[in-house]
Amino acid sequence: MAYDILLTIMTMVFALMVVFSKKTVVAAFSLLMTLLSIAMIYFQLGTVFLAAIQVLVNAGAIAILFVFVMMLINLEQFQNNRERSKSKLIISILTTLIILGVFSLIINNNIEVLSAVNISDNSMKTLFDKLFTEYYLPFEMATVLLLAALVACIVITGSEKGIKQEQEKLQENLNE
Amino acid sequence: MEFLSFVIFLILATALGLILMFISNLLGQKKKTVRKNDIYESGVNPVGSATRQYDIKFFLTAILFLLFDVEIVFLLPWAIAYNNATNTGFLIAGFVFFMAVLLVGYIFVINSKALKWEE
Amino acid sequence: MLEAIIEIIIKTAVIMAFPLGALPLIIHVERRGAAFIQKRVGPNRVGPFGLLQPLADVAKFMFKEEVHPSHVRPFFYSAAPLIALVVALLPLACIPIMGPFQFFDRTVYPEVFRSDMGIFFAFAASALGSYGILLAGWASNNKYTMLGALRACAQMVSYELSLSTAVVAMIFIFGTNDIHLMVDWQTGYWFGFIPKWGVFVQPVAAMLFLVGIFAESNRLPFDLAEGESEIVAGYHLEYSSMKFAIFFMAEYVHMIALSALFIIMFFGGYSVLPGLDLIPLSNPFILPLLQVTSLTIKIALMIWFFVWVRWTFPRFRYDQLMNLGWERLLPLGIVNLIITVLFVYFRNQ
Amino acid sequence: MSSIYYYLAGFLFTLGLLGTIFKKDLISILLCLELMMGGVSLLIILFSRSTGLLDAQLLVFFMIIVSACEVAIGLSLIIALHRKKQTIYTDDIKIITE
């Protein structure tokens, strides 16, 4: 029980830092920490496989991508202090209220979370069996999705012409 | 139980690092000079700032790593499931398709020269 | 409850003392090995054979001034070495240094954190290894450190791919993700004299993994992050005193942890070395002792291999490094995996 | 027991949503989207634990993949945009063509 509260507070603090930190690189590292704390929650709930996948893919790779982009795009020229409109404030308060209402409904319905002890090592085997029988087609399709993403990324950013343009610009910046 | 051991390990590891850093902070001398606080740039005066734009190849490497890593992470549960499965033919057919898609993606990447670093 | 906590703390202390205690010795071996290869004398003044030299170095690191430059980002500058060390230590949590043994009336598992997902956990933790470096490079706010960090990260992630293909191939062969079962699989002999190690089943995967370790721990010939001629010392350029030493430690701990994983997958883990298994097991404590000795000998040989390679090969050029990773090792890993899977399938048909 | 996590999931989702509405630069918006993704997958895991159904865990497995693709393409678009217009602010992008 102490873990619950500790992990929740940790995740909340890092999540708040993602939104409220001034520097975007700090926000990216806070996102990494948030994802790691979520992975720890998965771990504590007994879904160790998903925790490992979360760390490997989300925390390990996505956050790195963010940091690389931040180093690529010279962020110092963008300062994060533009004004916010009032209508957006109203929208945000409304959304908060609605979502909190939905969640209090869910919790009042007495959904009990099973304790992590109940899941034995056996469930991992059942999980994989399910993944490779019932969910085999989505599994294969996910590869196709990844292929599409790969092609898209290269076409958008990494085409030879684009890279050459980028490098020429870099050279100009260096010469200045 | 598992989680408890993990947490204790994490706490002890952090404590070790903190103690080491604290020791040198305590024992080392402190004498600040202007030159010591300067940016190190091989002895000459620093030019420009460090937050400049870097080569796009780094980003492309990271992005391709992300997508390939996801695919390879996919194969870990597959490798475990194969050894407990009875319908191995079905699993192998999926694997062949999977690998074909992966190789198509790989060949595309190599052909696009996105990872070709200048010599 | 208290008993369990004490048990965990003892296990943690043992597994952490293993690499950290060996560190001075490793550094000494590294220096003397370099001297041996280059026909020099090496450090031989402090203590017998210069054995106390690493301790003198530690003392020096402690008493050095901690230069805290004014242009750095203070919080992340201090946090980066800590993160690097913790992340490097993490994979050790699920590496067993011996088999499960009977302690009076119950079975004790030697790893701190026992799970059937142990091996995944270790690789996930080692995938986080690049963050300490990235943070250090960014927080130091220096062109060299930034470039060194980017280079190191790009290199680490590139070689992680081929390393993962090797892991998948091995898990496919073993058919399990439990480290103890993997070691059990590798205990015994083929034809009575060849040990049943994974390296004889999957030599290509072993090679990929080995190259991966070099690249992941930024050792020569892959230490492009610290190419002195171009970017001085890379990501830890602005660090001094114990913070620098912590980066140094993290690098070595990372190397030892990855070597331990390599040994678990390809050289039988803690399974008793051929020759040592002739000793009769008259006492229940002898077997664990033999297992720890075997693992230590294997890791020591690995470390010597690292030193040997370091003083034999020159450094790569960066484009060569990336080409090797993406255009040679990754397709090799994929093809190796395909051939392995199809071979196993058709043999069982 | 662990019902506090339901609130946490809600909190993460709301925070991400608000960030997406409020933030002006595209990278921060992507970060907030990632936060929303985290909240939703946490909620799905909690449902899976409360009902004992394993399908939900597989859903999270696929969600992680989709989020990886989303981030990869999103960041590529940001890079391409930055290359063309030298900005990453939503305010500066008013015309969708060209």
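Note that the chains take the letters A, B, C and D in the order they are written out, and that residue 1 is the start of every chain.
One rule holds in what follows: contacts are C-beta pairs under 8 Å (C-beta built on N, C-alpha and C of every residue); 3 or more make two chains touch, one makes a residue touch a chain.
These numbers were taken from a predicted model, which means no experiment stands behind them.
**Student:** So which chains are sitting against chain B and chain C at once?
**Tutor:** Neighbours common to chain B and chain C are A.
**Student:** Would you pick out the chains that touch chain C and also touch chain D?
**Tutor:** A, B
**Student:** If I rank A-D and A-B by number of C-beta contact pairs, which comes first?
**Tutor:** Between the two chain pairs, A-D has more contacting C-beta pairs.
**Student:** Which chain has its Cα centroid closest to the overall Cα centroid?
**Tutor:** Answer for the innermost chain: B.
**Student:** From the mean C-alpha coordinate of chain A to that of chain D, what's the distance rounded to whole Å?
**Tutor:** 6
**Student:** Report the inter-centroid distance (CA atoms only) between chain A and chain B in whole Å.
**Tutor:** 16
**Student:** If you average the Cα atoms of chain A and of chain C to get two centres, how far apart are those centres in Å?
**Tutor:** So the centre of chain A lies 28 Å away from the centre of chain C.
**Student:** How many angstrom lie between the CA centroids of chain B and chain D, rounded to a whole number?
**Tutor:** Taking the mean C-alpha position of each chain, the two centres sit 21 Å apart.
**Student:** Mind pulling the chain D residues that touch 2 or more other chains?
**Tutor:** Within chain D, the residues that touch at least two other chains are 64-65, 68-69, 71-72, 75-76, 79.
**Student:** Give me the residues of chain A that touch two or more other chains.
**Tutor:** 48-49, 53, 56-57, 60-62, 64-65, 68-69, 71-73, 131, 142, 146, 149, 153, 157, 162, 166, in rising order.
**Student:** What positions in chain C touch 2 or more of the other chains?
**Tutor:** In chain C, the residues touching two or more other chains are 115, 120, 146, 150, 153, 157.
**Student:** Go ahead and list every pair of chains that touch.
**Tutor:** A-B, A-C, A-D, B-C, B-D
**Student:** Mind pulling up the chain C residues that touch chain B in the complex?
**Tutor:** 4-5, 8-9, 11-13, 16, 20, 61-71, 78, 81-82, 85-86, 89-90, 93, 112-115, 120, 141-147, 150, 153-154, 157-158, 160-161, 164-165, 167-169, 171-172, 175-177, 232, 237-238, 241-243, 245-246, 317-319, 322-323, 326-327, 330-331, 334, 337-338, 341-342, 345, 348
**Student:** In their complex, what parts of chain D are in touch with chain A?
**Tutor:** The contact residues of chain D facing chain A are 1-19, 21-25, 27-28, 30-32, 34-35, 38, 41-42, 45-50, 52, 54-55, 57-58, 60-62, 64-69, 71-73, 75-80, 82-83, 87-89, 91.
**Student:** Which residues of chain A touch chain B in their complex?
**Tutor:** Within the complex, chain A contacts chain B at residues 3, 40, 43-44, 48-49, 53, 56-57, 60-62, 64-65, 68-69, 71-76, 116, 125, 128-129, 131-133, 136, 139-140, 142-144, 146-147, 149-151, 153-154, 157-160, 162-163, 166-167, 169-170, 173.
**Student:** Considering the complex alone, what residue numbers of chain B touch chain C?
**Tutor:** 1-2, 4-6, 8-10, 12-14, 16-18, 20-21, 23-25, 27-31, 36-42, 48, 50-52, 54, 57-58, 61-62, 65, 68-69, 72-73, 75-76, 79-80, 82-84, 88, 92, 95, 99, 102-103, 106, 109-110, 115-119
**Student:** Name, in rising order, each residue of chain C that touches chain A in their complex.
**Tutor:** Touching chain A from chain C are residues 76, 115-117, 120-121, 123-125, 127-128, 130-131, 134-135, 138, 146, 150, 153, 157.
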